[in-house]
Amino acid sequence: MSNPVQPNEADWYEASARERIDGLLDPKSFVEFLGPEQRAVSPHLAQFDLTGAFDDGIVVGRGRLDGQEVFVAAQEGRFLGGAFGEVHGAKLVGILRAARDGANNDGPRAVLLLLDTGGVRLQEANAGELAISEIVDAVVKVRSAGIPILALVGGRAGAFGGGGIITACCSRIVVSEHARVSVSGPEVIEINKGVEEFDSRDRALVWRVCGARTRYLTGGADRYVKGSIRDFREAALALIRNAPSFDLVTLVAEQQRLMERLQRFGDCRDAPDIWRKMGLPEPERIAELDDDAFLAIRTKGADHDAR
Amino acid sequence: MLTDWEKQRTERRTRLEAGSRYANGKLVASEKTKVLLETVIRPGDRICLEGDNQKQADFLAEVLASVDPSRIHDLHIVQSGIVLQAHLDLFERGIARKLDFSYSGPQGAALARALTAGKIELGAVHTYIELFARYFMDLTPHVALIVARQADRDGNLYTGPNTEDTPTIVEATAFKSGIVVAQVNEIVDKVPRVDIAGDQVDFVIRTEKPFYVEPLFTRDPASITENQILMAMMAIKGIYAEYGVKRLNHGIGFPTAAIELLLPTYGEQLGLKGKIATHWALNPHPSLIPAIESGWVQQIHSFGSEVGMDDYMSARSDVYFVGDDGSLRSNRLMCQTAGLYACDMFIGSTLQIDLEGNSSTFTSGRIAGFGGAPNMGSDAHGRRHPTPAWLKAGRESWDGDRKLMRGRKLVVQILETFGEKMAPNYVETLDSVAMAEKLKFDLVPVMIYGDDVSHIVTEEGIANLLLCRTSAEREQAIRGVAGFTDVGRGRDRKAVEALRRRGIIRRPEDLGIDPLAASRQLLAARSIKDLVTWSGGLYQAPSKFRNW
Amino acid sequence: MTLDEVLAALFPAGHEVVRGPSGTLHGTGTVEGQGKITVVGIVGGTPLGVDGAILLSGHVLSVVKADQHEPIVVLIDTASQNMARRDELMGLNEYLAHLAKSLALAAANGHRTVSVLYGHAAAGALIATALSAQSLVALPGAEPSVMDLPSISRVTKLPLDQLKELSKSTPIFAPGIEPLFATGAVTEFWGRDQPFANRLAALLREPPLTSDQRDRTGLTRRGRLLARKIADQVAEEARAHA
Amino acid sequence: MEQFQVRGTTERRAGGNRDRAVIGVNASGNLEVLVERVLPDSECLVDVATAVTGFGRIWEAVIQEFLERTSPGGLKFSINDGGARPDTVTLRLLQSVRLMEDEA
């Protein structure tokens, strides 16, 4: 049997934020803004006896995607869970504002957000929360200016808390199997509401509730890719060509889409309940399929222009 | 005066008759379990409450821990694993007093506390084979409380893949007038295969919940570090290849998991397929799946099973020992014997190694027990069949008359220089020495004695202890691979360089390995999901390991 | 303050507000110089879940659709987002994002948006409601938070007492109105003695900001010293590399 | 948290012509290393910030051995450490030197 796991195919989940950017963009096209040598380190961590990161856990800059100018921001999910702090958040705010300001001149063709975050960094919770709100505002303005923003999610921290909200504000969302996109983390729900409500150690359940397959099949993600960096690149290329505009028509359609979801599936407790109602074959098996078999499932969920 | 030669048989009949009041044939309703146990067990009995390395007679343990201590007390527990809270409750509640066991794992700290508090009178901590041996000598159980997947109405038991200790326990109990009580998940008309014959089983109880099995041998490839990969590369090139090790046992640590995952990649590059690691005494490690699928492995016999591996093993009966029913048959005693006499190498981790090469997993406040490692990791002096690996190891250590040279087992300790929280793994004196003093043990617990150890592998290099001729050389060889620990920094640099010139210490560069080439990209699987993919979906990973 | 007190104080000239399901409300209120404006809200300490969020965004979008450009006031006394497996299964992140986007669209289409916080609001619910309007007014009793101190203590492994001590010297993590005011989240705080109706009328008379100035406010109030500078630096480098 | 510096004198300029490189992530049991070619060829410097206190002597030994082994003249190494073990520290330092040798 030949090796089914390609040893030299760079894997999104394994890669660092910098490796993801390198593999996503055209070779050697990336230029970093406020790079690690400028040492924009969080001043708030020392009082918690924590060392910082020279980029505060997020890499921002510009580069080319198949020759097209793009802005990119990548969170490092292994540094403090990729959480939003003051500097970390402001770097993302800054690049989004620059994208909007450049919309009419030689601004980027698109913005790529490589989210990998547990949400707000609690050591600087207020600054992180506010940054998330500022990012939501800036995302909307970039989209209003006609520049698509793609969320790419497939790292170990997922996109939780404000990260989940930012994800759903983007024009298009790409996920791979390991992705989780949610607001409250399973552990938080378990601590607050008890293990009967959500057993966070039942990892299969966690992914059925928050995971990529559930999001994709119900329309919470637009593209499901296999896990290599190249797969993400190809999806990003395809999606920036036909991103929805940000206007009343889109939001009314999203309102309709989200209402219908609640009407159809609002009484479901687990993902297979939803998949059964969707008429998908063998709903109990969907979480177990390999990626190729999963991608062969034809559904309407992800196929929409309402985001 | 007439001698009564049947006291035990009479006693057995009396107890059986008393117990049968609560049974319908051999079947006992689960709510009658407590009264049954209070009837067939007597104060002072030796009890084996089946607690294996993996599967647990958890229901019977809970019930036994809830019996009336005024009726049942002073029990002597003789079982391999002290793993469940209920096992310790027996002593806390005064139901049991004496303990002879082998492995404690997760209860190591609680066990140490109970010993210090005087709740337990400890016989000894054994290796598996050693305890099993004593079942047939001086620790024969009066009552065995065992566990299986299925039973029929005649008491025939099907254990499923986790056969483990059951045949050994039942052999010792049933043929010495003891009483055997089994908890099972299901009663069926006909069991798929008979692991334990019905005439050796007295009572059967169906439980509400399936018995507990811990996935002990699943190592998530995502947690393997670059340095563990470096150590694995050194071991493959510097030991497996050099000695041509074909028959072996692996411990359960991450460095050995890294070796398993490097066979189809790095091992392939070195052209070693078919030349090393073909026959195994090994639990069904999921991390060996890529090597099996790549055709490296000819045969594996297992001590126990592993959660999620059932379908995979059924579909790979050329490799595993599988019954006619299609499921794995494991057996701890047989596999331990295979490891002791038929393996040319044991390689595994430990928690501490001293300057003589003695190792221990007893660190302060934890009595972890031994399990099988001391047997796997010892040179069996009863061995008489030669293999090239065994002979080469023998040659390296032999100083006497070549005509009568005997071979040697390779016993390799693979252990990074520092452990959790920067605790040094290489020490002047094992923690177990102080612990033995404090708890007044007659014997200091040692996992593997230094004179059995042939090699030590750290991220700094390999120390070949076979080639050392004096204790001073051994000490410097160990210091010379102990990195930046106090022990490592205390090395005599000149002596270490001399050992290096003699090939006693070998660094990565001495083996032609670039430390910067030790990349996770070399792993045949980098996640549990990759293992599922390799298995073609046959491996069903336990939920706690999923990230999908 | 109770909801009725808040409504009476904000709209002494009258209001028609009805309670909906899931703690929501919607209707109109009369403000001097503006006439009838739109009022929506989530009240009664109800956690914001998918059901409440979709109702609120529905109200906001129908106001935008009507194209009258009147101001929208969002009344808030909620909790955190609804912590429930079912809400996450439905995709709560999309519902909260959709609400935030709807409020942003309203603002972009000429509706002056003001959120009025008079009770709790935390975490994701705080983002999707209070922080998603152009101005955030805090009334007496407002208790905004990102995360409570015991939870922060659990995650950061710092003892609660030490956190309390630390929060005296920095507004960067502690819950409550004062730290959030200092960091620039809160536009105005109206004390009990203030004429709410007049303040609201005055706020609505001000021309709306076209850009997000909260980081500048945080700098002025010395509660968030770095955010503006960092964002500007990144934007400058982006322009320099264009 | 603890911060300290180790200085060294070197025989030669470190190879390659990259100005700077960054490798690793400050995570539990791991570290990030930022290398900059900012010093005279005869000097090198390692600047450490570590979350774990009390292991200064081991750090010193690890860094001294690294400097002897590689003689990275002209390089300044800045480390944010999340409690990495010495073997990981050595590995990241070696990797960072290798990165500087790549073409710019």
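As written, the chains take the letters A, B, C and D, and residue 1 is the first residue of each chain.
Basically, a residue touches a chain if its C-beta (ideal position, glycine included) is under 8 Å from a C-beta of that chain, and two chains touch if they have at least 3 such contacts.
Owing to the predicted nature of the structure, the values given are computational and were not obtained by experimental measurement.
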Pair joined by the larger number of C-beta contacts - A-C, A-D: A-C
Chain at the geometric heart of the assembly (C-alpha centres): A
Per Cα centroids, the chain farthest from chain A: B
Mean-CA-position distance for chain D and chain C (Å): 46
Inter-centroid spacing, chain C versus chain A (mean Cα positions, whole Å): 24
Euclidean distance of C-alpha centroids - chain A vs chain D, Å: 33
Centre-to-centre distance between chain B and chain A (centres being mean Cα positions), rounded to whole Å: 43
Pairs of chains, among all present, that meet the touch criterion: A-B, A-C, A-D, B-D
Residue numbers on chain B that touch chain A, as the complex places them: 264-265, 290, 293-295, 520-527, 529-530, 533-534, 537, 543-548
Residues of chain B that touch chain D when the two form their complex: 225-227, 416-418, 421-422, 459-460, 483-484, 489, 515-516
Contact set on chain C toward chain A in their complex: 50-51, 54, 57-58, 61, 64-65, 80-81, 83-98, 100-102, 104-105, 108-109, 123-124, 126-128, 131-132, 146-147, 151-152, 155-156, 158, 166, 170-175, 179-180, 183-185, 212, 214-215, 218, 223-224, 226-235, 237-239, 241-242
Of chain D, residues touching chain B in the complex: 52, 55, 58, 61-62, 83, 85-88, 91, 94-95, 98
Residues of chain A defined as touching chain C within the complex: 31, 33-34, 40, 43-44, 47-48, 60, 62, 71, 86-87, 89-91, 93-95, 97-99, 101-102, 105-107, 120, 122-134, 136-138, 140, 144, 159, 161-162, 164-169, 181-184, 188-189, 192-193, 197-198, 208-210, 214-215, 218-220, 246-248, 251-252, 254-255, 258-259, 261-262, 265-266, 268-271, 274
